[in-house]
Each structure stands twice: as structure tokens, then as C-alpha cells.
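Letters A, B, C, D and E mark the chains in the order given here, with residues in each chain numbered from 1 onward.
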Amino acid sequence: MPASTLDVRGLSAGYGPTIVLEDLSFAVRAGERLGILGRNGMGKTTLLSSIMGLTRHYGGAIALNGEDISSFRGSERARRGVGLVPQTRDIFRSLTVEENLLAGIKDRPRNVIQEAYEMFPRLNERRRNLGWQLSGGEQQMLSTARAILGRPSVLLLDEPLEGLAPVICDELMAAFTRLASSGDMTILLVEQRLEAALAFADNVLILERGRVVWKGSSAELRADDRLIENYIGVGTLH
Amino acid sequence: MKTLPATGGQVLRDVVGVVAIAALGVAGYFLFPDNLALLTRLIALALLALSLDLVVGYCGIATLGHAVLFGAGAYAAGIACVNGMTEPLTLIAIGAIAGAGAGLVMGTIMLRAHGLAQLVLSIAIVQLFHEAANKASAYTGGSDGLAGLSVGPLFGVFEFDLWGRTAYLLGLVLLVVVFIGLKFIVASPFGMLCRGIKEDPIRIRAMGAFVAPNLLKMFVISGFVAGIGGALAAISTQVVGLDSISFELSANALVMLVLGGIGTLYGAIVGTIIFMGFEHIVSAINPFHWMTMVGVLLIAVVIAAPQGVSGLFDRLWSPAGRGGRS
Amino acid sequence: DTIKIGIIGPFSGPFALQGKNFQAGVEAFMALNGKSVKGHDVEIIYRDLPAANPAQSRALAQELVVKDKVQYLGGVYFTPDAMAITPLLKQANTPLVIFNAATSAIMNTSPLVVRTSFTTAQTTTPLGKVAFDRGIKKVISVVSDYGPGVDAEVAFKKAFEAAGGQVVEAVRMPLNTNDFSPIMQRIRDSKADAVFAFLPSGPTTLGFVKAYNDTGVRQAGVKFLAPGDLTQESDLPALGDGAVGLLTSFHYAVSHDSPENKTFVEAAAKAIGSPEQLSFPSVGAYDGMHVIYKMIEATDGKQDAEKAVNAVKGLTWTSPRGPVGIDPETRHLTQNIYLREVAKDAAGKSYNKEIQTFANQKDPGLAAP
Amino acid sequence: MQTVFSIAIDALAYGMALFIICIGLSLTMGLMRVVNLAHGAFAMIAGYIASYAVRDLGIGYVVAILLAIAGTVAISIPLERLLYRRIYGSPQLTQVLMTIGITFCVIGITNYFFGPTLKTIPLPAALSQPVDLGFRSVAAHRLFVMACGAVVALGLWFFIEKTAFGIRLRATVDNASISEALGIRTQAVYTISFAIAMGLAAFGGVVGAEFLPIEPYYALRYMVTFLVVVSVGGAGSIPGALIACLVLGAVDTTGRYLMPEFGNFFFYAAVIAIVWVFPRGLLGKAQ
Amino acid sequence: MNGVFQVDNLSKAFGGLTVSRDISITMKEGARLALIGPNGAGKTTFVNLVTGQLRPDSGTILLGGENVTRLGSVRRVRKGLVRTFQVTRLFSDMTPEEHVTLTVLQREGRASRILSRFFNDSAVAGEVESLLDALGLLEVARRKVGEIAYGQQRLLEIAIALALKPRVLLLDEPAAGVPQSETPRIEQALERLPPSLAVLMIEHDMDLVFRFARHVVVLAAGEIIFEGLPAEVAANSKVREAYLGSYANARQHA
């Protein structure tokens, strides 16, 4: 079994003076698909941002392939293989679709953006449009495509299905599964739709008030309605 | 059904604020009896800063041409005075009306544009007015200034003399009255609407309210206030110069306002006091280097108190106020 | 006891050099004539007024009188600033000695004003006749569009046309013009023999003279006439060779050849730091101090503005610029005006060389009712 | 006809000089979103360096330009680190306050060290001669300025729109934290862009010194002109700035020829007219 | 009767891209219509056209029988055509109470008054309170909007829209960004809407759509490809292919 790709130990982080995450630990091995669940405002987004290096770090270590990256700026982490699809999409509103993609390729050759167009033909049609002109769902696609083009070894997905048509959701989840199972991408997924999350993830982490309150496999969670009711607040699965 | 408790704390705070301003003014009268001309000028500029705050702080329209409104008031009062209208309160009224008129013109033009282009329109307008005042030297005295204002005594009793007591007290009363008036305006539905427009005009439209007419209305009110300031300056100085309708004055007013903190009426007054006081003290100590000093002051304020000085007070007042939600 | 004198001038801002010259003149005078008059110590209080701003001017004057208890006011660079002060004088019982502000009308606003500088009309008028005598028949006048500029245009036109010449065109350009090529084109198109120019001294004069040289107007034979503001000594180094040969008329040149001026220049240069920065406002200030000292003498240190002013009416003395006197009627300075040409001295430095003197000129602006 | 041509030449040269100075400001305002009112102060610093190099050290004109650019950039980088970095993303008015403060300081310091008088930058013989264009002789320097303007416009346009760095710059400005997450070193991007803007200011300050003479109040005197030109063009737009400079330069120059007494009037009337028709500036982007 | 709201042959293109092509929709009083379709189909654009943020290239919009195509967005709101935004647009420095009070005053034409106090009318205060209560916002009524949870902000959007007493309400993804556990709040709010109000909702959350809608319109590439009852949607092969994907299967099994 390979050593863990990402190893988070005793992480505390937050915004300005506010500490949101407290003493949080978990590990992910290469190629693993980890689902992160939890109610609204429990710190899921904050966790992904902290791994990316966009929040204020208060303590603890984040090891990527054995190297502690917790003191690095976001750009250095990105160059070492962390990639993020943020909840708020955060596409570059004043850049064209194509330029958005080019901004994400790091030092790879320009023509790799064809990969993105194959994945989302819709983006190809809109390649000369400015970011702000895109529809909500198109922005979501662009954000995802941009992150994937950077070839991250650890991909952080924050509610990537939000605002997408059901059919696109299916395709996208399938694509994520392919990327992970090809073995060279580790994926952390935050998702509100329990079904989609459980179908995708091998293992699940439940957050409450900035702490990990449950860890286990998706199968275990799926079997335990009471747990779901307690921590996630949605009624039982149909 | 649960009910909300009644509001009331705000009113008390406003009363305290107004009393504080009046007290400060009276204290100034007794503490600096020899500097009343300077203090009167300070009041006139505080009126300009207040008027600017209405537009910048409450409507979100940046302007570097606000002296147009001030200058309109000053010249209107000055020209009226030279032509035999010497009753001071009438002159103030004339200035206010002229300022409001200038506000209408300026607002109409400026509201056409957005963002930087709008800022630039304001500069262009003030330069054009400046040029016009210079050209119309038959009425304005051009670059020599409009001199020879002999203002009659206030209520027929109190002369505008060398010591400037009458002018100062008149100015102080005007300031307090205007301040109270503005407090009412910013707390009115209209004031709230303007705050909304500042944050998101599209949202306001979706609420079914027009944006431009309301902004224009605020411009007119702002002009009224600035016009009072201009008229006060004209009456107390008895000369109106081209500087009262210049870009420099507009820029200074904006600097004072930002220094004090925009969007609170207190900020306008605090900023004026700090800027004028600093300038006065430093230029008396070392006239050759005051510019560098003022520069350092501005940089220091941005670093120490990005919200303006009154923002700093707010922060000190309630340390948990800003970042403390957890 | 100590007698305080309040001096208002531009000690910072774009005109700071002029303010420095005020200060140099004052300090030179006190260095040469002592810091007390008849046992009354003299103290100077400087107040900064960077640009024309009448309201500020009035506030400063009021503060000087009321708070600092000055007996005399002096200085003042800009006309509107002077206009804001004069209404105060009577009540303040304080004379104002103007070191610079050059509009004729100031003198009419209060009987307590005395002026030791010049007016634009005064320095310009002799130029009209000189021009005609030198064979110039047609002139285009180009002035900055503000008070003194218009005064200069009017005065020159009057004098020149009285002598028989013709002003073919009169152009007024905005104060902040930077690029003078279009103006030069216009000068050439006017086919005039010479250009009469007036701009306030500073960056623009330099640009103007440069454009005059660079765009070929000079090569085309168009002569250059101007009051001395355009070839102010402090600008000459920057103007370089381009200035040589320019004809100007003025009341004072730093190079004026007289023992009084030598002493003055030495003392003033010491006060200002570097002699290149010395120019005409210093002599206005120097003579202003002379007048104030006379006033102190006459009143024996008592505050009596009317007596003080009366005492200097008709006063004559030899100033660094030559013989001068206070006209008892206008309280303005009667003085010599010199025609000068920019030339190079032995060391290769440019200076204003006086080539003709017009003695005892009054202010024509005030002479006419 | 001849007059028309010579006015056109003058207008073009003046417009181009304005363009070179202003384009750096357009970059900082449009792309970095910093209203840098101290822009002219840096152009002025460059002017002083060049003047000192040519007049006091006897260095050649071209070398002096390079020296001035290098010197200005060297001065600007610590300022970026210490001061400008704090106002990236602040409200515009805060930026105005800070950069006016910087301008005041620069003016005060220059005044103290170099005195209030004008500094010229003598041109080399090749540039100071008139060149005969057939209908009129034009100072060679004017042609030089026009050429410089064209080179700057094209080079900068290519740099911003077509290179990877240009994309990174625009991305950083649009959303700095996400740019970080994509591996863009935003601090370096900001520093480099700021340095480029200052380098352009420096270049413009030196070659434009014939039009806008170097003296301590330069920074304040032309602040409004620069701000106006950039905003009329639409901040951040190179073609916009170019058109604005040429149009306003032409209006200004023609106005000064035909009716000098109204020169300023035409300039600002044109500004109002343009903004009336293009409420976001000539090529300003709607958001 | 033609219905309270009628759109005829609405078309709009951005450059070469046609975003709306001959769209016609009619809504009667009390209608509950869901507008769904793939990303970039033109749903938000449709709302923008109808409410006046964008100008249509052709077509007419009738509100209560009156042609409002040429009216500005503000006038349409005043005539009762009200929308919410896909991404909340609120004033982060103001409280929910202030938002709703301002809206009510505006509806009554009193929002531009200078000479009255903002909070001194008890009738207005009562209405505001009951609105906030209805949406469960009383708790946070006096907190700055920037500090309250996103789900509550979405509810406030709806509260503002309701305060305008609309005749036609257009909801653009009201549940977007609201966690699944909070959507019931929105549903409850929707259930309590006045029965005579015509409501159009855009949403990608199909569970919500099917619980809410009595009529469904599917838009794809700017064209209406399906119109009918919710029960029929999942069965339509075009809609399945273009939009629903596996959801259709899930639904048919459920």
C-alpha cells in the first residue's frame, strides 16, 4: 500500500482572528477518493482552502508526499500538485474562457487546453466569451476544467455539481472517477448531495464545528441512517 | 408571533453627537479667540466636506469637482453683496440656492457616466466652471478675485469685524443646524435608499425604485449645503477668489473627507479639523516642508486607519466590532 | 520692547522660490541694517500662503494682527490675497507694505497700503516706445490669460500704438499652456516683426522661450519683447543659450551695476543659500523692509498706522535697483525701468545686461483715473 | 493647408508624448486596479535622473534614458513593497489618499534636494535639429517621440494580450487568491507589473520633457491631465489610451492655435463630450 | 382570459449566439411553472429579458394584458413583475429589517421622502415583521446581512420580492447554494405564497422542481423543447437526453 499522499496533522486554521478548524487530522493515500460531508457552515470549504493555503494557518502540519507544505504560499502548493475547484467558482470574470484555461496550465504547453474542450464541448463553443458573460453552469464547468488542466496530484472539489444540469453531473462524476482510478489523482470531494457523494467516495469524513467527528468507508455510512440524520441532517436515503 | 423591540439608542447617540459638536465649537471660541478667522474658514470647509460626504459617502459617487457647488454659493453671495444685497442671512440663502442649482447641473451631467469616467467628468466640470469664472471677470473679478464685499451687520447689530466673532458664531450655528438637518436626511427613507443605491443599484431597481432621480436629489441637497459653506466663506472673508471654484479645493475636500472617514457625517468634520489643524500647525512651524509632512500624514493614516480616523474610533470603541465573529 | 512684523508669502508650493526671495530680501536688510530701530527690537513672523487663496490670506492676516500682535504686515505675492487683507487694515491699525502683488487697483482699496514692487504696466510701458524706435512696426501680443497678463497687453498696446506701431493680433492663452508650438505657428502666420509676450515666471516661460527658438520663429527674424518676468535670473541657467539676445524691460536686474546692489546681492545671496536663486522679489522685500524701518522710526515704536504711512509718503532713497521714491498720492514706488538684453558674462554665464534706462517711472495704471 | 499639416504634426507629437507617460498609469489603474496618482511623480524622478546624467555627468541621451528608467524602477520597487502592497484591493479613495501622500512627499523631497527651478534634459545634436518634411521643418525630437509612442503601444499590447505573463497579470488582478491556487506567484506578478508601469512612466517622463518640463510640481501639475486621459480612454485599454491621447492632444493643440484664449475650455469640453457619448470611457469595459 | 403574464415570440442573440428563439410562455393567476434546461440554455437570460435588464431583439411581453416590452425594469417592478437573483444581491451593511422596510416603503411610494423617519410607521413595521416571521428571519432581523448564513440570505431575497406584493414572481435558482438540509425552509416559504400569485422558478434541483411545479417548460439552446405536466417530463426522450440524464431513471424507479 502506498504511503499517504496527503497527511494532515493537528491542523488549526481560520479567517483573520476567527479560528474555524481546530486540531484536525486525517490522511489520504494516492488514488483515494475521499468524501467530506457536514452541515452548512461546519468548515468544509475552510478545510479545502486551508489545504490550498488560502486561509490563515494557526498550527499543525500538512504533508504532501512526505514534505510539510504548511508554511508555503498557495502558489507553491499548487506547483507541488494541489489543485482546487472553489465553491464560489471564482472564474476570472474579465478573461475569456480560453485565457481562463491558459491561466491554469502552469508550465504545460498551450495546446493542452484541448483536453478541457473535449471534456466540456460547451466551453469550446464559448471560448472567446468573457468569464462574466457565462451562465452559472458554464462557470462551474470552466472552474473545474481549469483546475484539472493543472494536472494536480491532489484535487480538491468543493461542491462541483452546484448549478449543473443533472446530465452533466453524471458525466462529470464519471470523469472524476476515471481520473482517480487511473491512479495518479487523489480527490477530496465536498458535496451536499449525499447520494452523489456516497456513490463517488471510497471513504468519508464528517465535519462538525471544525472537527472530524466521524471517519469511515462510504458503505458503512450508507448503512447507518442514524449517523446521517445526526451529522448531516438530511432524512434517510431513499 | 415574536416581535422586534423598539429602536431608540440611535437617537440618543445623535443628540450626544450634536451637543458635542456645539460644545466643541463654543470651546473653540473661548480657547482660540485670536484664530476665529481660521476657525470660520474651517467651518466653511467642514460644510463643504459634509456636502461631499452626502455624494461620496452616502451615494458612492466619487467626485473631484465638488468645489463647483461651493464656488457657486460663494460667487452668488459675493455678486449679490457687491450689488447692494448686504443682509447676511439673505446672502446665505442666496448662496444655498445657487449651490443647489449648481448641484442640479453637475448631477445631471455626472450621472450620465460610471466609475472613473464619472470622476473625470467631475474634474472637467470644475475646470470649465473655473475657466468660466475667470472669463466672466466683469462679474467675478476674474483672477484678481471679487473684492469689495461690504456685508451689513447681522440682525442689524453684529458687525463682521476684524476679530471675526460674528462670522464665527454665525458659522457655528449654521454648521449645527445643517448637521442636524443632515442627520435627519440620512436617517430618512431617502437616506436609506441612497445607501442601497451605493451598494447595488441593480438591486434597487429590482425593488422598483429609480436610481438617477434619487441621486440627483442628493446632489441638489449637497449643493445646498456646499452653497451655504461658500456663502459663509464669502461673507467672512469679504473676498471671493477663483480658488473657491478650483480643482485644488475639491481635491482637498475629498482628502479631508477620506481622512476623517466617509459615510459618517462625523468623519467629514473630524477630517476637516485634522487636516486644517495639521496644515496650520506644521506650516507655522516650518513653512518650507509642510507638504512633505502632509504627505507623511496621509500615508500614515492609510496605514494606521484605512477606514479614516473616525473608523479608527469605531474600532477602538468596539474591539469585537470588525473581525470578531466566530 | 519688540516690534513684530508679519510677512505673508508663498514659502512652499510651486511659488516657493518667490517666497524664499522675500525671505532673502528681509534677512539681507536686517543683516545690513541691524535688528533694531531706535532701540526697538524687530521680530519677523513668516506665514505661508502657497497659492492665491484670499480666504486663507485673510485668516493669516487676522491671526497675525490679533494673536501675534504684529504692528506691520508685509509680503503678499498675489493680488487677490492682498485684496483680502486691505479691508482689515483700518480696524487693525496696521499698514501693509506689499513686496510684490502687482495689480494697480490694490492701492485704491485702502489708504494704509504702500507698495515697493512694481506693476506690470509700469515695467511694460517703456517697451512700446523702444520697440518702435528699433524699427518694429507690427507686433503680435501673446499673454497669459489672467490679470497681470491682460495688464501687460493693454499697457504695451497703448504705448506701442501711441508711438506709431500696430498690434496686429492679441492672443491670450490659458495659464497652464504647456505646448507652445501652436502659438508659435500662429506668431509666424501673423507676419509680425516681433512678438510681445508675458507669462508668469516659472516652467511655462521656459517652454515658451524654448519653443520660440526651436520652431524656427527666431530664425525667421521675429523679434522678442517682454517684461523681465520672462528672463528672471533664476530661470536663466535652464534657458541656456536660447535666451541670449532676448529684449526685456524691468525694474531690477541682479546684475545692476551699483555699490548698493553689490552689497545687497552679497547679503541676499548669503541668506538664500545659492546666488542663482536670487531674483526680483528679493529687492521688493528689501525695499519693503526699508520702508517699514522708516515707519518704525517715525512712530517711535507706537502702533499708529496712519502716522506711519504718512511718514513714508514722498520718501526717497537709493535702492539696489537705483533711485526710488514713494509717490505721495498713490503710495506706489516711483523707479527707473531698464531695458535689458540677455548676454553672457566673461565666465559664460547668462545675465540681464542693462542697455537703456527710463528714469522715474510712475505707475501708468494708477495715473489714469 | 500648410498650417493644418503643422498643427497635425504638433498634435500627433504631443499626443504621443502624453501616451507614453500615461500608458503606465492606464496599466496600473486598469489592470492592477490601483489609482496611482503618484504616477507623475515617478516620471518626474526619471526626468531628474536624466537631467543630472546628461547635464552634470555628461552622459549621452540614450544611455541617460536607460539610466533614468533603471533608477526609477529601483526607487519604485521598495515603495511597492512598503506602501503600494498595502493598498492593492483597497477602496479607490483610500488609494487616492495614499498616493497623493506619496506625491506630496516626492515633491517635498525633490524640492529640498534639487531646488524649485526647472531642469532641462539637453537633446543630442541629432534630435535637436529640425528635419525638413517638405512643407515644414519639424524638430527631429518630435518624430522620435512619435516613433517611441508607436513602439510602446505595439510592444505593450503584445505583452499584455498575447504573452503568458499578460494572462497571469490579468488573472491575478481579477482574483488574486484563486490565481495563487492555480500556481501563479501573484506577489512577483504585481511587483513586475508595477516595475513595468514605473519604467514606462520613467521613459515618458524623459522623452516627454520637451512638452512637459521637469520641475518639482510636475507630479501635481499634470496629475489631472494624466488621470483624465487614462479614464477617457478606458483604464487598462491600450488602444483606448492611444485614441484618447491623440484625440485630446489634437483638440488641445488645435484649440490653442485657433482660439488660445479658450484652450483649456476645448480640452475639457471634449472630455465631457466624449464621456457623454461613451459613459465608461472610449474603450472601457462594461462589467 | 389570457393569463396574468404572457410572453410572445421572444428572441435575443448575443453576437452570433441566439440565446432565446421565439419563446412563448403564458402564466395564469396562481400558476406554478418550472423552467428547466441545460446549462447555458438561456434561462437566466429569459428572466433578464422579461424583467427588463436586457432588451429583446423581438417579441412582446404582456403583464395583465398590458404591453410592457418597452418599459424600463423599474416600471415593470412597479407593475408587479418581480424577480430574485441567481446570486444574492443584498446590501451587506444593512439588516434584513432595513431591507424589507425599505422595500415596503418603496412599494408605497414613500422611499424618496426626506422629511420622515425610516422606522416610525407602525403599519409598515407590522407588515415587515410578519414577512420576516413568515420566512423565519426574525431571529436575525437586526444583524447585518453580511454576517448571516447564506441560506438565510436566500430567504431574505424572497422576502424582499414578496414585500413588493408582486403579481408575477420569477425565482432564479432559489435553492442554489442552500444546503440540502435547508431547502425545506424555502419550500415552506414557497408553499405559503399567496395562491393568486403566478410563480416561475428556475432550478437544477429536480427534487425541488418536482415538488413545486404544476407545469414544466424545458429550454435547450434558446428554444422550448418541451412543455407539459411534471409527470410527463421524465418520459420525454429529448429532455432525458439533453438534460435529465440518470435522474430520469431514478425518478421512474422511485
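Assume a contact is a pair of C-beta atoms (placed from the backbone, for glycine too) under 8 Å apart; a residue touches a chain by one contact, two chains touch by 3 or more.
In this text the structure is predicted, and so the values were computed from the model without any measurement.
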Assembly fragments, subunit D aside and the remaining chains unmoved:
one piece
Which chain has its C-alpha centre farthest away from the C-alpha centre of subunit D?
E
How far is the middle of subunit C from the middle of subunit D, if each middle is the mean of its Cα atoms, in Å?
36
Chain centre separation in whole Å, for subunit B relative to subunit A (CA means):
51
For subunit D versus subunit E, what separation do you get between their C-alpha means, in angstrom?
48
When centres are defined as mean Cα positions, the distance from subunit B to subunit E in whole Å is 43
By the touch definition above, subunit D meets two or more other chains at residues 111, 262, 264-265
Where subunit B touches two or more other chains, by residue
131, 289, 291, 325
Residue numbers of subunit E (touch at least two other chains)
none
In the complex with subunit B, residue positions of subunit E that touch it:
51, 53, 73-74, 77-78, 82-83, 85, 89-94, 97-98, 101-103, 105-107, 110-119, 125, 129-130, 133, 138, 141-142, 147, 160, 164
Subunit D to subunit A touching residues, read off their complex:
164, 167-168, 170-171, 173-175, 177-186, 285, 287
Interface residues, subunit B side, partner subunit E - complex
1-4, 7, 184-185, 187-193, 195-196, 199-200, 202-203, 205-210, 213-214, 217, 221, 325
Per the touch rule, the subunit B residues reaching subunit D in their complex are 56, 62, 109, 112-121, 123-125, 127-128, 131, 247, 251, 254-255, 258-259, 262, 289, 291-299, 301-303, 306
Complex contacts: residues of subunit B adjacent to subunit C
33-38, 40-41, 44, 131, 134, 141-145, 147-148, 161-164, 233, 236-244, 248, 283-284, 287-291
